[in-house]
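Below is one structure. I have some questions about it.
First chain written, first letter: the chains are A, B, C, D and E, and each begins at residue 1.
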Amino acid sequence: MVEILSSVMDGLLIGLVYGLAAIGLTLIFGVMDVVNLAHGAIIALGMFFLYLFFGAGLHPYLALLPVAVLGFIFGVIVYQIAVRKIISGPPLMSLLATFAVSMIIIGVGTALWSTSPYNINFKVTTYNFFGYTVTSARLVSAVAAVLVTFGLYYFLYRTVLGKAVRAVANNREAAELMGIPSQQILAITFGIGTMLAMLSGALIATLFPFTILSGGVYELKSFVASVLGGLGNPTGALFGGIILGLIEGSVAPFIQVSWTNVIEFVIFVGILLFFPTGLFGGRK
Amino acid sequence: MKALKSPFFWLILALTALFAFYPRLGNNITLRETLVLSAVYIILASNLNLMIGYTGYVNFGSIVFFGLGGYFTLWLVGAHGWNVYAAVLFAGFITSLLAMALGFGILRLRGAYFALATIGVNEAVKDFVSNFDTWGGSEGIFLPFTTYKAMGGAGKALWTVYLLIILVMGISLLLSWYVKRSKFGLGLFAIREDEDAAIVLGVKAPKYKALIYSLSAFLPAVAGGLYFFKNGSVVPEEAFNLHLSIESIVMVMLGGQGTVSGPAVGAFLYERLRGLLLTTPSLSNFHLVIAGVLLLLIILFAPGGLMGWLYKKWPRIREVLE
Amino acid sequence: MSAVLELTGVETGYGEVQVLWGVSMQVEQGKMTTLVGANGAGKTTTMRAIMGVVHPWKGTVRFQGQDVTNLSAHDKAQLGLVLVPEGRQLFSDMTIEENLAMGAYSKRARQSLDANLKKVYQFFPRLEERKKQKAGTLSGGEQQMLAVGRGLMADPLVLMIDELSLGLAPVLAQGLFATLKQLKDAGMTIFLVEQNVYLALALSDYAYVLAEGRVKIEGPSHEVAHNDEVREAYLGI
Amino acid sequence: GLTVSKTGKFNVESVNQLNGIKLWQKWVNDQGGIAAGGKHYKVELKFYDDESKAQRVQQLYSRLISQDKVDFLISPYSSGLTAKAAIISEQYGKIMVATGAASDSIFKLGYENVFQVYTPASRYLTSTVDMIKAADPSLKKIAVVYEDSKFAKAVATAARDYAKKLGLDVAIFEGYPPSTTDFGPLINKIKASGAGALIGGGHYSDGATFARQLYEQKAPLKMIALLVAPASDEFAQLGDAALGVAAPSQWEPLVKYTQSCGPSPQQFTEMYEKAYGKEPAYRAAGGFAAGLILQKAIMDAGSVDAAKVRAALDNLDITIFFGKIKFSTDPASHGLQLGHEMVQIQWQKKDGKLVKEIVWPLAAKTAKLIYPIH
Amino acid sequence: MKSAILEVKSVTKAFGGLLAVDDVTFTMFEGEILGLIGPNGAGKTTLFNVINGVYKPTKGHIVFAGQDITGLPPYEVVNKGLSRTHQIVKPLNEMTVIENVVVGACFGSENLGLEPARRVANEVLEFIGLDKYKDELAGKLNIALKKRLEVARALAANPKLLLLDEVLAGLNPTEVGKMLDVINKIRDRGISILMIEHIMQAIMSLSNRIVVLNFGRKLAEGTPDEVANDPQVIEAYLGDPEMAKRILEEEEA
C-alpha cells in the first residue's frame, strides 16, 4: 500500500514539473501558432545555465532567478533573429526555424560541454512520511511549478498585458488595429515561453543529471502534456503534466516499468480520439 | 498514355536510372552508400509530402512506417525464412493496412493535435516493440550472415538491395507526380486548403485522408524493409527514430512542400550537406551549428523552400517540373 | 474647416500588383465622410493604407497635421485613429466582454472604459445579453455589432468603418446608421466605406467615389447622390 | 580506420576509446612501426564522426574501405554500431577488431572477420554474483534492474540465470528505457520487494542517476553493483551516493597482469596519464588493446595480408596489459572473446577521498569488499 | 402545385442551452425560389448547416426529393444534388479559380472525372462571368468575385437544389444587379433555390415565397407582399426600408 501511494505521490510531484515544461511550449503555440522544436534544447540550456551559476557559487534555488532573466532575454533574441521574419509567412515555417535554432543550441552546447552528463551537487534533505521517502528538491520543484503556473494564469487572464497576449494570439491584425503592439507582444511571449522552459530545465537539473541532449525527453513529455491539456491552455498543460506523472506513478507498481511509456502514449492517443482538442479544451 | 508526353515523367525515369547506374560504373561503394542514404531520405520525404504538402496534415511520426517495414521484413526473413522480396512487399502491405485502420481514428484530429498524436503513435509503437519479445524486444532483430550468402554473398546482396531502394525511390517520385495530377490529388488539395469547405463541396474527406495516409505508408515501409535488411539488424531506437521524422519534415519544407520535386531535392541536399559537414575535418566539430545556421538562412530568405523560390523566379520551370 | 485626416498621392498594392494610384482625400473634423465604389475598387486597401496595415509605397498620410505615413497600426490606434476592419476580425476565442476590453487597450481609451462600455451595451443590448459567449460562435450580424462596439471602445477621434451594414438585417442597419449620426452629432469624425450607397450618401456629409484605385468624383454627398454619371457608372442606382 | 562518436549519446565513451587508440598509434610509431615480414609499417589512423547514429556508420565504413583504402578496421563504440559496421567489413573481407562492443550475439551471426576484445556480456555480471554470494551466503533475494538496451539486457539475463542457478531468488527482473532519468517508480518497487542486493544498470548516465537516487531515496540495499557507470572516474562526482557502489570492469589501472607482449599495466597507465593528464578508463585501455592485438597478429602473420592476419588472430592466445586474449574459432561464435575476465571494483573512502578499489577476484584485490554498504 | 423538393420537418438545433433553430417546419417546391429572412442571429445559417449536414439536428427531419437525408454527412448530401454557398466565403485560397470549380464538379452529384469536370467548370465560369479570372489564385479575388466563385462551385456540382447564404452581401448595387441576373438564369435552368438575404429589394423581387425566422422560430411565411406587410415582420426585421429615400428627399426640399 505504502509502495503504491509512494509511487502515486512521486508521479504527482514529477508530473508538476512536466507540466511546467509544457506550459512554455503551450504558451508559444497558443499565442503564435509556433510548434517550438527548440523547446527541448532550451530546456537543456536552462539546465546548463543553472549549472554555470551554481558553479559560480550560487545556491541552486537562488540561481533560478538569473536563469529566468537570461531565459527571457534569450527567448527575445531567438524570436527577433529566427522567428520574427517567418511568423506571418506560410504556416509550419516556424517548425523549420525552431528546428534550426535547436541544432545551433545543441551544436554550441556540445562544443562547450560535450555530451557527457553533469549534475548539480547540492545538499538535499530527505523526508520520511510513514514510509514514503521524498527529497526536498522534489518538493521544491513541484511547488515552484505550481506557483509559476498560477502566476502565469493570473497574468494571462487578469492583467491587461496578458489579455493583449491572448488577443494577439487570436487575431494579430485586429490586435494591431486596437493599438496593441503585436510584434512586441510576440517577442515578450516568446521570451516568457523560453523563460518557463529554462526554469523547468533548471528545476529538473536539481533532480536529475543532464546532458545537452537531455531536453529531448522533456520536449516529448511537454508535447504530450500540452496536448492533453489543450494546446494554448496553460493550466491545461499543468494538468496534462500531472496526468502524465500520475500515469507513470500509478501503473508502475503493477507492471514492468518499461511498459509505462507504452501505456502513457496509448492513453494519450486514446484521449485525443475522444477529446480532439485535449481534455480541457484548447485552440483548434 | 498521356504520361508519356510529360517531360517530367521522363525526367524521373532518367534520374532514377542515373542513381541506379552511376555508382555501378566505377563500382564505387562509398558513392553507393552515400546515394542509398540519399535515396532513403528521398523516399521518406516524398511520401511524407503526400501528407504534409498535398493534404495539409503534418505527420510528425511518419518514421513509424519505415520502422514497421523494417521489423516485419527482418522478422519474416530472419525467423520465418522468407525471401527478402516477398518480405518487403508483405511488410509494405501490412503496414499500409495498419496505417489505414489507424488513420480512420487519428485523422479526425486537426492541425497540431494530429501532428502531436502521430508522435504519440510512433512512441507507443517504439515502446511496444521494445517490450515485444517476438521481435527481440529492446535487443532487436539481427540477421545471420548466411542470409546474405544465400543471395550470392553480401557484396551482391547489397548491390541488389541498393537497386531495389533506387527503384522504390523512382516509384515514390512517380507516385507523387501521379497523385498530384489525379482527381484524388485534387480532393486532397481541397482538404489542405479548407477541409470544411472541401466536405461541403463533396470531398469524402475521412476516406480520402485515410487512403492517403495508408498510401504514404507503403513505400516507406518497403524502403524500411530494404534498408534494415541492408543493415543486417533492426532495433527500436533506429527503427522509430523520431528525430529522423522531424528531419524528414525539414527536408520537405526545405525543398518546397506540395511540389513533386521539392521534397526530393530537399532530401538530397540535406543529406549531402550533413554528410559533407561530417566528413570535412575542419568543419566536423561544428557541423551541427553550421547546418543549423545554413538552414536558418534558407528559411529566412527562401521561405517557399528551394523549389518554391525557383518557381517564383523562373515560372517556366514549374511547367516542366510539375 | 480643418482636415483631421489627409491622404496625398497614396499609392500601394499587394506584392507586385498595384491597387491604389495616387489617392488623395481629406476627412473633415466632425463630419461623416463616405467612400463608395465598385467591388475591388480599392476601398478596403485605402483604409488599410491609412492604418499602415499595408504600407504606402508613395504618398503621405497625415493625421491631425502630423505625418503618420510610417507609423505602425498600433501607434495610430493609440493616437485615436481607429478602424473597424472588413470581415470583422474579432478575437474569436475570447468572449464578447474580453473583445470589448481589448478595444479599450490604448492608453487614451482605458480611462473611459466603463463609460464607453455602458454606451456600447446601450447601442447593442444583444451584446450585453451574450457577454460571456465566445465571439467566434456569434451569428454574422452579432459579430458585426461586436466589431463596431469594439471600435467604439477605443474612444476614437476618427472612426473608420469598412462595410458597416454588411450582412445586417435592415432594421439593424438603419439603427446603426442612426447610432453613427448620434456619434457624429456628439463630435466624432467618421469615415465610412459602405455598399448601401443610398443610405450612406443620405446620411453623410461628403463623399468620394473610387474606381480602379483612383478617386473619380468627390463632393458633398447629396451632390454626388444626384450626379447622374455617378449613379449610372458607379452606383448602379 | 574507424568511426568515432564524437557527438551524440556515446561521445564520452567513444572519445575515451579513441584516445587509447591514438596512444597506441603513437607508441607503435615511436618504435618505428609494426615490424612484420622484415618490413616496418607505420600506423596511420583515419576516423570520422558517426554522431552515434546507425545511419552514418555504414556510409562511413564503406568510405574508409573503398575511398580511404584502410587495411584494417577498428569498430565504433557500442555493440549496436559495431553490428552495422560488421556487415560492411565482412562484405569486403576486412578484419575488424571490435572494442567497446560486448554483445555476444553479434558473434553468433556467422561473421569471419570480426574479433572481440571485451569480455562478452554473458560473463559480465556473473562474477559479481559470485562476489555477493561469497560475502553474504545468507542473502536470499536480489533485484536485477537493467537498462533496456541490447547490451545491458544480455548482461542482465545472463546474470539472472546464473543467480538462479546459485539458488538466489531474483525478486525483480526489470528493464528501464535508456532515456530514463526518474528511477522513483523502480526504487519504490525495489524497496517493496525486499531484495537485499541490486545488480544491473546500463550505461553511464542512467547508472549514475540510478545510484544517486537510490541513495537519496534511502533504498535499504546491502549491495549495489551497476554496469559501466561506477567504473568511470566521473562517478566520484556523486559524492556519498557513490560510496559502496560496485561495478564489473573490463580493466583497471591497478590490475596486475603479467603481459607477454606490449606495455605492462603500469607502463600503459603512465603513458596515458602523460598524454592526457588523467587516469585511463577501461575504454581507453580497450582502444589501446585493440591496436595491440592487431599489431601482434600482423607481426605473427608476418604480413598485412588479410587472410594471414585472420589466421594469426584465430591462433592468438596471449596475455597483455589488458588481460588474457583468446578468440573463439567455433564457426557458430567465431571471434567471440574467450580469454578475458572482468574485475570488480567498489567505491570506497580512503583518507576522506573517494577511490576505486579492486575487490574481486580476491587474488587481484587492492582492498577488502565493504559489505553491507549501509 | 409541383412536388416538394425539400421538406423541413420540426427541425430544432440547440447549442448548449441556446435554441438556434427552434421547431421550424416548411416545405419548398420544385423550381421555386424561396427566401429565408430574419434578424441577425435568427438561425438562418444554422438551418442551412442542418439541411446540408454540417450539423445534425437536435430534433426533426430533413427530406430532400423524397429521401430522408437527416444526419447524412455534407459530402453525401452534395452527391444527392443539394449544394450550398457560405455566408463567410471559403475559397480554396492557394488553388486557382478554375481548380476551385473543378473540385465542385468532380465531387458533385455526377461524380465526374477530371477532364469532363474541367469542361463543366469552364462552362460554369463563363455562365457566371468569372472566365476572365480563371487562372488567378482564389485567395486573391475581391469579395464580389469570391461570392461568385462560391456560386460557381456550388453550381458545378449540378444540383437540383441550391442554398445561397447572403451571396449579395458586400456587393455594390451594380454587382447586385449582375448577381440577380445570374440567379434568375440559374432558376431558368430548373434549379430550385433557397436563399438567405438581407437586401430587401433583391429578395422581394426574386422570391416566389418567403419564410421569416426570429429567435430560431418561424415568424411568418407567405408571398413577398404578404410578408412585407406583416406588422410583426416589419417590427422585428424590416424597419423602414424607405428611410434613405425619405432623407434624401427631405434634404432636397
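The rule is short, and it goes like this: a contact is a pair of C-beta atoms (placed from the backbone, for glycine too) under 8 Å apart; a residue touches a chain by one contact, two chains touch by 3 or more.
These figures come from a predicted structure and were not determined experimentally.
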| item | value |
| --- | --- |
| Label of the chain whose CA centroid is most distant from the centroid of chain C | D |
| Contact-richer chain pair (by C-beta pairs counted) among B-E and C-E | C-E |
| Whole-Å gap between the CA centroids of chain C and chain E | 28 |
| Gap in Å, rounded to a whole number, between the CA centres of chain C and chain A | 42 |
| Centre-to-centre distance between chain E and chain D (centres being mean Cα positions), rounded to whole Å | 76 |
| Centroid distance [mean C-alpha coordinates] between chain E and chain A, Å | 48 |
| Residue numbers of chain B (touch at least two other chains) | 127, 130-131, 138, 285, 287-288 |
| Sequence positions of chain D contacting 2 or more other chains | 7, 148, 175, 177 |
| Overlap residues in chain C, where contacts from two or more other chains coincide | none |
| Those chain pairs that satisfy the touch definition | A-B, A-C, A-D, B-D, B-E, C-E |
| Touching residues on chain B, where the partner in the complex is chain A | 52, 58, 105-106, 108-113, 115-117, 119-121, 123-124, 127-128, 130-131, 138, 242, 246, 249-250, 253-254, 257, 285-293, 295-296, 299-300, 303-304 |
| Chain A-facing residues of chain C, complex | 51, 53, 72-75, 77-78, 82-83, 85, 89-94, 98, 101-103, 105-106, 109-110, 150, 154 |
| In the complex with chain E, residue positions of chain C that touch it | 14, 36-40, 86-87, 126, 137-142, 144-145, 163, 166-175, 195-199, 201-203, 222, 225, 234-237 |
| Residues of chain A that touch chain C when the two form their complex | 160, 163-164, 166-167, 169-171, 173-182, 283 |
| Residue numbers on chain D that touch chain B, as the complex places them | 6-7, 48-49, 51, 54-56, 58-60, 62-63, 65-67, 80, 83-84, 86-87, 90-92, 105-106, 108-111, 148-150, 153-154, 175, 177-178 |
